[in-house]
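These are the structures in question, set out in turn.
Shared between the two complexes below is chain A, which has chain B as its partner in the first and chain C in the second.
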Partner chain A sequence: MTTFVAIRDTVVDKLRAILGDESVLTGKAARYNRTRVPAPFPVHRWAEYVPDLVVLPRTAEQVSEVVKLANRERIPVVPRAGGTGLNDGALPLKRGIVVDIKRMNQIKEVDLVDRTVTVGPGINMLKLNEELRKHNVMFPDDPASYPCSLVGGRIGTSGWSLIGGRYGHTRDLVISFQIVLPTGEIIEVGDGGGRKIRKSSSGFQLKHLFMGHQGTLGIVTEATLELVPRPEMEFAAFFHYPSYTAAWESTGALAKSGLASLGGVVLFDEYKLRYLRRDDEAYIPRPDHVRAVVATALYGTRDEVEPAARRIMRIGRESGGTYLGDEISSGDWASRHDRYATPLHGRLDTGEVVPMSWHCEDASINYSQLPAVMEKWHAITARYAEKTGILDDWGMFAYTNGAYKPWGDYLTEIDIGIWEQQLSDDNWPDWVACKREIAQVALDHGGSITACHGATREGDAELIPVEMGGGFDVMMKIKAALDPNNIMNPGKYELDRAYGLDEKVFR
Partner chain B sequence: MIGFRLSAQKPPEARRITDDVIQRFEHIYEVDPAKMTIIEQQDMPAWDTMRIVDSRWEHLAWMHDHWADTILTAEDLGEGGPHPDG
Partner chain C sequence: MTAPPYDPTADGGLQEQFVEQWRDAAYGCFSSGHKFCREVCPVMQVTRNENHTPTAFHANIVAMEQGNLTVADVADDYVHCTQCGACELRCPNTLFTGDFYRNRTQTVKVVKAMRALAVQSGIEQPNWKRWVEATIDAKSEPVLDVPVSQENVARWSEGLGLPIGGETILFVDCEAAFYRTSVSRSTAQLLQLAGVDFGLMREQWCCGGPAAEMGYTDAARQLADHNVADWRSYGAKRIITLDPHDYISFTEDYVEYFRPDYEFEIVHITELVAELIRDGALTLTQPIERVVTYHDPCRLNKRKGIHASPREILRAIPGLEFRDVDHVTPWSYCSGGGGGLPIEKPEITAEISRRRLARAKELEVDTLVSACVWSERPLAAAGDEQGIDVRDLMELVAESAGLDPRGVHGAAGPQQEVPA
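What follows is the complex of A and B.
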């Protein structure tokens, strides 16, 4: 069993020798600010998860030296990108060293011939695309945290993109990357070899092994990304429906349209509309007959988008939808690129407003199962809201989940407001149980417990072995082989079991 | 800015939209202050509300421009149809 000790002064001195004094932060503010992510957090136990120190490397070689030192000294290392994750990937459960990669934000090469851009992992997609616009190209990875998340974190979570139906998701858009292994070696991974090669049959597909590693298998230090032509035209259309069932059927018809320019289809349920009317100051109109909404968006050349838009309008109306108008359609769609500006308040069952944090529980669910899963998730949330008095159901979305073929399964999310100031040792287990029941429903309906957030923490993580089956044994063997001393983000994904550990992460 | 104007400071009287929501300005919905006793609603001058709304529209326009050269609407296609609130 590996035990961790507080970081000694001699280790701090060695880190300063590797990075320089200004890149080793030991102050309280620097450490507390890198303790948590937007996912609900046991704030009553905040102090237990503060890292011992923070380092800000600039090069892969510096990262490698930091990891080698940590491996020799058996100190936990947790990589941190934008800190926008909706699970706990970047949270230092066992304290140790947080490696903040924000200074590794260079654009190293723009290759307009082979259509790639090579960057440091600390660059943000919005900032990257501001530069790429000069060349009339873009990197179309589009999470709800688009203005604030970083490329390294997108690889760490194997992210999902709002317009993945047209352009693919993070795993499709990252061609290859460089990663520092838990023992300090620097390697390149892709489909096979070749930094700019999209398809290879050489060896194992190592890019996919490390995609979604949540910091448990190393630290990404460089990535080569896909470039696509900057869209000439965007078209967004929102339709409303008198019932969830009508909207669900229309979602299926729109998603199966076969239009190559279709970025995605989004289904808002009745709970979501009630929340938007109540607390989000959204563009959704008020009449009671508006019970569910479906959003679509197209991107591409003018020659593609104009005829496709006519077809989307026809399918939307023929499948029972009523167009919501240009202002709602274009205005709300633009806000979808930046959903981290949600109101941070919710309601008690009395209607009283209280400060709440946003929690988004996600899963991958097949289209046929969406109505049943929706009913069960709301029932679970209602039961725990009544029991704890600190939860508020903010409704559900279902987004097309397939890359290039946006049908079949959906990123399914339930947003839950949580009054974190009221969290305690008494009600935290109820919250974890709520999460676990939601995840179990996804498995019961043949789904996956997460489409893009990851499932690293208690409430989700204990179901990873159930979902993965024999694959979890392979995960543990890989983890133990690559990280013999369990220094890389220990405590995540139940991978401590690979070392004979079986402790609960949060009490 | 040319001196003090009461209309720029004092928001209009609210009208009720639902049990939980009121409205003082067109298209701007507010939580009913009666439901805000644990956390009290902040008093805001009218000009500050409008500044925030205008900033929001600027942000959305910026985001559109960030993603594509041109925004096509259903109205451009001759398919806008009636607004559902109408």
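What follows is the complex of A and C.
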């Protein structure tokens, strides 16, 4: 049985010796602001999840020393990058030390010969690409949080990219990285060895073990990333359809086009269109028969994209789509990071406008299962919206999910508005049950309960052992072997069971 | 250091009223959770401390509502803001549905309000306190070791024969009146050359904007009352500002103080000079052999959307090679000179300016042109380090118009100590 002790003054003194006074934060505001992430957590119980202190390291050696100290003293450690995750990876369930890596944001090497860039984990992709632009290359990891999420968090969650069909997702774009293990050792992991080697058969493929670890297996302190040529051309096309079914069929046809320049195909369902049209005629000002929309985008050289664009237009039209025009296509695609979930559209059943928080529930679902999952998810959401009176269905997306072969499965999301100001111990369990039912539907249809957010939070986490089956036993053995004292982000992923603990994720 | 829990009876309900006023606006940010503001914030780019992010500034209010934080816990965090407005522009709530719902994320106002709450609660920043006290004492900001006093407020205009009063008034900012007088002399002589009738105030006091930005609302109002009374005493109708900070004070703060009775047309000098050049009232003939880029002052570009007229002016100067960037990329740039930051946190201001000059250096220019006199002191200090000259737009225009305005443009140096 592992137990945690409160942080003593002597520990604070030792941390100050490692990091300097200015990089150890003990103030209340510093700690409260390292608790929350965008996804709703039980905000009415905010005070229960506040870490004991925050450190802002600048080097891997400092991180290592902090982790060694925490391991000796049995203090929980939670790494935090952007804190923009739609899961609870960066939320300290058991207080302890938050290691905030935002100051580790240096570009250490741009290698234009072997086509890599080596960075600290605290750098943001938009900022990185501002620097890379002068070399006419880019790091094409493009999540909805592109302007604010950080490379360390992308690795921690094994992120998904909006243009991953063409360029790959985070796991494909991070070549290797340095990680501080829960016992403080600093190691390099890749496919095999070789910091800039993309494919290896040496040993176990440790990069993939640590990709998506949600802070439970260590803290990433450096990453070597892929550089790709900046695309000469971007082409986006949006089509509209009279029904979801027509749009779904067209999505399949577009995704299976076999075009290497296809960044992705996005299916907006009827609920999403209704949500986006609330009051606001600026979005797709079209008649009622426009019920569903499909967006596609192509990237690459002019020689690739021009003929591919003609083919995409032909497939879109032949499969029942009507082109929405250049303005919406290029404009909406350009604003893809910001556009589709705004709290200002939040409504109660009565029509009353209230400030709602955006929650996005994700899963990986095979193409064939999308219509059935869509119907079940909306039905679950409607039931809990009626029961709680604080939820609002903001519609669904399905995005092509596979890197380079974007046709078999889809990142499937339902956006749900939550009136967080009304969260309480009475309705929180309903929200968790709603989430759990949504996740269970994904499993029932042969899917995975998350494509990119991670599943560390209550409502998802308890289904991880179900989804993983015998693999969960392997996870527990790995966790216990690497983190003998359960200091790294304890309480996540039900991994406390590896230590004989049977606590609920949220107390 | 942890403050005791909030006791609403101890402060006469001040914090409770503050939370009531701002809670829903704060939730608009808290619930969005996008944090797109963070990497454009000039302070956050330097400190990389999440306490200093616009999202934290809003989230703190939610925590205060829950009784988890008090103004004492957060007051220092709110010092870390230049009030440049980049976060508001980058906020998806503003960008996409703001127009329709008449919503604008108002982080600058939140920062000002929290600073005011801090002052009212007796939590003061020592340098701001001394700065505002010195301003009230001398009626101008204590910008330099030169005598800052009412007797000297118009000394910059010696020999120009400027009248007092009239329908159009040139309001000369404290920094331009005492520190960088080449800006005020250039501006005044350009207006004379173009045949614009204008005068100076009988007794110009500080606009009060800096005091308001630091949370000293009563001091700000006292200064504003005087200035408006001065304008009214000779029937002024139009006020020309040469400093973007004054432009904000007169078009935002004063409107709130005096509405519905606020009869003045406020004009910023870049808008007026662009018009004078366009109409042929000003002819720029002397070539300026420089390779320049333009620093968009935050209060013009980000807060007021004025980015076209300065560019139009630069393109009208013969001989000048103007290496422009669009006006959106510089949303993440700043001099660090605003919001009182250089008075409390001069090292952060210096670093923000250093990074701004590094951006200019990438364009291989010899000169960075600004249109904000407050930005020019920290920018010039960084420019000295990096071998780039920092000039005010009006100085270059005057030179190109064949004027010899003289005046000093203050030697770059560390921010001056505030008199104790």
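General remarks:
Assume the second predicted complex is superposed on the first by the 494 of 507 C-alpha atoms of A that agree within 3 Å, B and C clash if a C-alpha of one lies under 4 Å from a C-alpha of the other, contacts with A are read in each partner's own complex, and residues count from 1 in each chain.
Criterion: a residue touches a chain if its C-beta (ideal position, glycine included) is under 8 Å from a C-beta of that chain, and two chains touch if they have at least 3 such contacts.
These figures come from a predicted structure and were not determined experimentally.
Of the two partner chains, neither chain B nor chain C is touched by A:A480. Contacts of A:P287 after superposition: chain B is touched, whereas chain C is not reached. Using the contact criterion defined above for the overlaid structures, shared-chain residue A:L209 touches neither chain B nor chain C, since it reaches no partner. In the superposed model, A:F235 lies in contact with chain B only, and not with chain C. Of the two partner chains placed by the overlay, neither chain B nor chain C lies in contact with A:I107. Of the two partner chains, chain B is the only one touched by A:V305; chain C is not.
Contacts of A:S335 after superposition on the shared chain: both chain B and chain C are touched.
When both complexes are overlaid on chain A, the residue A:L501 reaches neither chain B nor chain C. In the superposition on chain A, contact of A:P355 is made with both chain B and chain C.
When the two complexes are superposed on chain A, the residues of chain A that touch both chain B and chain C are 126, 279, 335, 337-338, 345, 355. Those residues of chain B that touch chain A in the complex are listed here as 17-21, 28-31, 35-39, 57, 59-61, 63-64, 66-75, 77, 79-81, 83-85. Taken in their complex, chain A has these residues touching chain C: 25-30, 32-34, 36-39, 43-44, 46-47, 56, 82-84, 100, 102-103, 105, 122, 124, 126-127, 134, 145, 147-148, 279-280, 282, 335, 337-339, 342-346, 355-358, 420-421. Looking at the complex, you find that chain A touches chain B at residues 126, 129-130, 230-235, 237, 240, 277-279, 281, 285-287, 290, 299, 302, 305-306, 309-310, 313, 322-326, 329-331, 334-335, 337-338, 345, 347, 351-355.
Those residues of chain C lying in contact with chain A across their complex are 1-3, 24, 27-28, 30-39, 48-51, 53, 56, 59-60, 62-63, 66, 68-69, 73-74, 77, 90, 92-93, 95-101, 103, 362.
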